[in-house]
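For reference, chains read A, B, C and D in written order, and residue numbers begin at 1 within each chain.
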Amino acid sequence: MSDNSFGKLFRVTSWGESHGLAIGCVIDGCPPGLPLNEAMVQEALNRRRPGHGKYVSQRREPDLVQILSGVFEDDRTDGPRTTGTPIAMVIENIDQRSKDYGDIRDRYRPGHADFTYDAKYGFRDYRGGGRASARETAMRVAAGVVAKQILHHLYGENISIQAAMVQMGTDKIDRDHADWGRLYENPFWCPDEQAAARWAEQLETIRKNGSSIGAVVEVVAKGLPAGLGAPVYGKLDAELAGALMSINAVKGVEIGAGFAAAGLSGENNADEIRMGQAGPEFLSNKAGGILGGISSGQDIVARIAVKPTSSILTPRKTITSAGEETEIITKGRHDPCVGIRAVPVAEAMMACVLADQALRHRGQVG
Amino acid sequence: MSDNSFGKLFRVTSWGESHGLAIGCVIDGCPPGLPLNEAMVQEALNRRRPGHGKYVSQRREPDLVQILSGVFEDDRTDGPRTTGTPIAMVIENIDQRSKDYGDIRDRYRPGHADFTYDAKYGFRDYRGGGRASARETAMRVAAGVVAKQILHHLYGENISIQAAMVQMGTDKIDRDHADWGRLYENPFWCPDEQAAARWAEQLETIRKNGSSIGAVVEVVAKGLPAGLGAPVYGKLDAELAGALMSINAVKGVEIGAGFAAAGLSGENNADEIRMGQAGPEFLSNKAGGILGGISSGQDIVARIAVKPTSSILTPRKTITSAGEETEIITKGRHDPCVGIRAVPVAEAMMACVLADQALRHRGQVG
Amino acid sequence: MSDNSFGKLFRVTSWGESHGLAIGCVIDGCPPGLPLNEAMVQEALNRRRPGHGKYVSQRREPDLVQILSGVFEDDRTDGPRTTGTPIAMVIENIDQRSKDYGDIRDRYRPGHADFTYDAKYGFRDYRGGGRASARETAMRVAAGVVAKQILHHLYGENISIQAAMVQMGTDKIDRDHADWGRLYENPFWCPDEQAAARWAEQLETIRKNGSSIGAVVEVVAKGLPAGLGAPVYGKLDAELAGALMSINAVKGVEIGAGFAAAGLSGENNADEIRMGQAGPEFLSNKAGGILGGISSGQDIVARIAVKPTSSILTPRKTITSAGEETEIITKGRHDPCVGIRAVPVAEAMMACVLADQALRHRGQVG
Amino acid sequence: MSDNSFGKLFRVTSWGESHGLAIGCVIDGCPPGLPLNEAMVQEALNRRRPGHGKYVSQRREPDLVQILSGVFEDDRTDGPRTTGTPIAMVIENIDQRSKDYGDIRDRYRPGHADFTYDAKYGFRDYRGGGRASARETAMRVAAGVVAKQILHHLYGENISIQAAMVQMGTDKIDRDHADWGRLYENPFWCPDEQAAARWAEQLETIRKNGSSIGAVVEVVAKGLPAGLGAPVYGKLDAELAGALMSINAVKGVEIGAGFAAAGLSGENNADEIRMGQAGPEFLSNKAGGILGGISSGQDIVARIAVKPTSSILTPRKTITSAGEETEIITKGRHDPCVGIRAVPVAEAMMACVLADQALRHRGQVG
């Protein structure tokens, strides 16, 4: 990964600050001939804000995406298709309120990147978090749409990548009651209806108190073939870990059994293999679909820990950029559980990593 | 990360299979003038095998490293020093026993990469796991020695990077009894003497039963300055996550509070800041020393979950490469807790990531 | 170099087709704190069209550049300054004439990339050459402005990078009459007034005939220190060669004596060294300022051969995309000598390569 | 290109100094299943020293290559085959004469990299040129063997890549008398028997005088399909230019008509197209087989200018590392025309660039 790019054959570069003129991305390496239009990307972006404003902070802008290059349509195509050249997408920052940012300009918000950006660069666009803002993740979602088109192109319509919230605070879903077909029916992308109901109640209290709470998000890719990934450093799980950890507020990544694997014996951890109708079948999936860094054909399963946002109404001890001790309250927009926002982003990042590995695989082995 | 390389300015490429003629690495981008000799690397390699053979499988070979390029000594230097050109290191595989590998050639060991390597490449060196063998990690340890020289060169002798086992199975250390100054006094690099004693007893039983157990390893870097890392995709934690997840048998990575952060409120998670004698001081370190992908000057803290080895004596269901159902027992060398082996490797990987970020930082901002 | 990006620490990614909605670039790795505003970039872009429309094809649009990210201004700065985050620049394609492109959609223009893009991608934006259009070079010029700011930041105001046309067709400048201080006084950026006068006359005839002519452009960087570059594959001259050859219509690159060095003896080629007032001085510069891939402190001198444009009024034999033999005349905008356009682009590319090498040097050795 | 690596999917990293313990390379990204053994590589290496010692300096060592990883043979294969994992090759430096290098340690040889390496690194292995020695090119030739296996695998046995010397000093071959099938019959890889005879005579005089002479080498790839390459920065010709310019002593690169294109009119430069038996046919090849950075299916033709070696017996003015003026004569091994050595290296570099582009093409478009 480079500072603002990731991927090797399918390469995403993002740019833009929270309160600059616009944010955008450039996607290089998409194969030619794939259907892609703004409506497809817009739909994915809209899902980032699933009509339940109380839990997700709302900028008063529609986040309208424009595709500026890399697609083309003429009378021989049924709509715009990719050309193989770089796809540039941009979203204007309409909602750049010219408010007074002196508060966060000079006082480092605990748990935010204010202090470290200053330590690194000495000079930064502090408005709304600048480059460190989660607003950047809109472009990841946009890139994820392109990545999914590639995966469908290569492996058919039956593959799927879905992310869901599986834990809020310490309250986990009940896997026996999980229905991944109904993720969109609650504001948490939660597969367990009852958990969603509990979380809704709890989060309302947290929101009113000006507090926040962490979460765990799970991403599952189904239908991918065995053989994707690379040995040693370019392992599929290593690249997933890097990509997922790069999402704002993520503090942990695990694959398959993850940290629970530390507590297992070899007998309980290694997934046995039998022959099924359609080929090898594993009797369990502790590995999360990845062995030796290469996909096994099972579901690819990753989970991320998302910390609670540090933008809370309780006054917090901090210092100014001049080194004076002070306190700060983070006013303004407020996400009581940023884990919700991380759901579509995690899904997109897995799609991007898989698309890149798929193209690399085809290049080396295809 | 590329398939067999990682890092941008400090770039490590490794090569070699478990039972080929040799393994090795090439390290590009090391600054000139740093002291480096084979004894320094050998010492780190020897620590991978800390004289307690019952817990770590022993190849009957000394793992003697040779430095073939990139260092130079003449009458004006006090020993070999790096020249800034690529440093090639090699370890011969003396212990290539010409035994019969037919067993693992045709039968996929559950939990190993046999099946997935075949799925990817169609053809592989199956002897001893080939390229997927943990033997490759010797070169990571070797690279870590160079990385530490760079960090000392840039930030002085007082910085330190240490890894330790903090959990075996479900049994965690007691942080109140931890002494990181005594890691080398037990075969687990465990900072808690009592935990080490318990683990020793437990592992003896596991070993006798031909079973295995997972572990959690923690890596801590002290004394690094604030400002290392990069925004968005090149985040320090993202690169650490990728590097640590690329270690054999690792199934999870977390930074600071990690997965526990999911259960916290914003008040309990964000580390407050005060002015100390020597500059900003944080009142806690839930962030693990990284905010917005950039180091804060606090201790950088990462943990990895290591699965139990799948090489166990209990017969396991599997299939042959021809698709027939069968069973397999993994004989031969046997690590009851591969987490132990992961300790120096995790330490080395953190050193490499930090060295690369440090050079990149100096390049862009220096 | 990647498909649409180049550079390692100073990395430029461009996007956009000739007749799409816009073209743009993202520049990653620029150090923070450097003055940068749209006027500076616009001035360089305007120089691409030096008021002599007869020789350079004119799109009827002002090429107004916008900087969308990566710079910031507040009451503490004297104008916008870079923040160290990605700098996105965009130019709208206002002049997208909805004319009929059927002619070049189905008929491959000889000497153009129509045939090869179709061979590669099967599907392309054919309007005005699409991604293969020289319009993309506007973004190189924009990136060059940032690169020069970096070089000035590192090495002071006295360094300079200048490109000039030194040959049109077979007519070369007279070096004894060259004055590099007066490049802007003629439409060719030609240092030899008399040559410029001859070329003007000759080119008028060529233009009237609907023909075209090739050229040689020379780029010279002065004031750079010794020590920039890298051994073996990352040589300064190798990276210059790649960057300059990537400019549209360039068919050759040479450094210092270049192809003439093939005809020299060792005695006449190797530049002898003496001590001057300010350090080592070379008695000649056959090397073009680069020895072993590393700058020597002398002027860095490169030359490129630019072919005549293939857009001419003479009917040319070609085939259709369906494989039928036909003829084609390229109507519309017309550059009788595209070498003129290559001058500022070559200058920009050298600036970008030097800025990248300078940052890498500072990272590894600084 | 990185400092010591090049290529994206087919990536070559070389290491080693002229008089260190060994030189070597690591080749990452070679597809699995290709035949590869040491004899194949050795044969190519032996061709670097075509039994005519008078013109090519002879180290008294056989340059025996060892393949240490990435190939595997068992009873199911007909000889060693690649496994898809990194291929490490090494050649020991047996001929490390412990002679006194004080002469070149402290005195910068004009035309060599002694001064610039010191300027960059401050410290270097000066023996025999160290990392700047042309000895490194042995590894390029070795990598070229692997690259050719990939190209044959993808495009069949009929493709060919051949390099030849086409000019020595100012004396060019007569294209009407060129027979590329007889390159190996003279010590120059010269396709024109009469030119070879003239050069032999001339070079004998040069050698006796302790002088040296430059040359032009041409590389031609036949049988490659249209469509290889990439737009804008990853152009096939741009990557060829970078790769060829990275060869020691090369000062210029041109594609197709090259610098002569500067003197042409559009009518004479653009290659017209007709339909032939097997598809599109071009009526000329001024483009050198590349249009818009993408191969056209025609012969790919590149030429490089190789300077005369600076190791000559005439005393030359120079300075010491301490800044004192002095003179130097380069004794020892002596190549009167290093262009001869560049022939197989140029061929190998073109093969590597094509193999990388071919795999990238298959990844993105395949």
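Just so it is clear, a residue touches a chain if its C-beta (ideal position, glycine included) is under 8 Å from a C-beta of that chain, and two chains touch if they have at least 3 such contacts.
Values in this document were obtained by computation on a predicted structure and should not be read as measured data.
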So which of A-D, C-D or B-D matches A-C, with over half of the contact pairs the same residue numbers? B-D
Farthest chain (mean CA position) relative to chain A: D
If you tally contacting C-beta pairs, which pair wins, B-C or A-B? A-B
Provide the C-alpha centroid distance between chain B and chain D, rounded to the nearest whole angstrom. 38
Whole-Å separation of chain centres (CA-atom averages), chain A against chain B: 27
On a C-alpha centroid basis, what's the spacing between chain B and chain C, in Å? 45
Sites on chain C at which at least two other chains make contact: 2-5, 8, 14, 29, 32, 84-85, 120-122, 131, 231, 360, 365
Chain A partner contacts - residues on chain C that touch it in the complex: 2-5, 11, 13-17, 20-24, 26, 28-29, 32-33, 66, 68-70, 72, 74, 77, 81, 83-88, 90, 105, 120-125, 130-131
Okay, in this complex, where on chain A does chain B touch? 1-6, 8, 12, 14, 108-113, 115-117, 119-122, 131-132, 136, 167, 169-170, 206, 211-216, 225-235, 237-246, 248, 251-267, 269-275, 279-280, 283, 286-288, 290-297, 305-312, 314, 316-319, 323-325, 339, 360-361, 365
Residues of chain B touching chain C in the complex: 8-9, 29, 31-32, 84-85, 231, 359-366
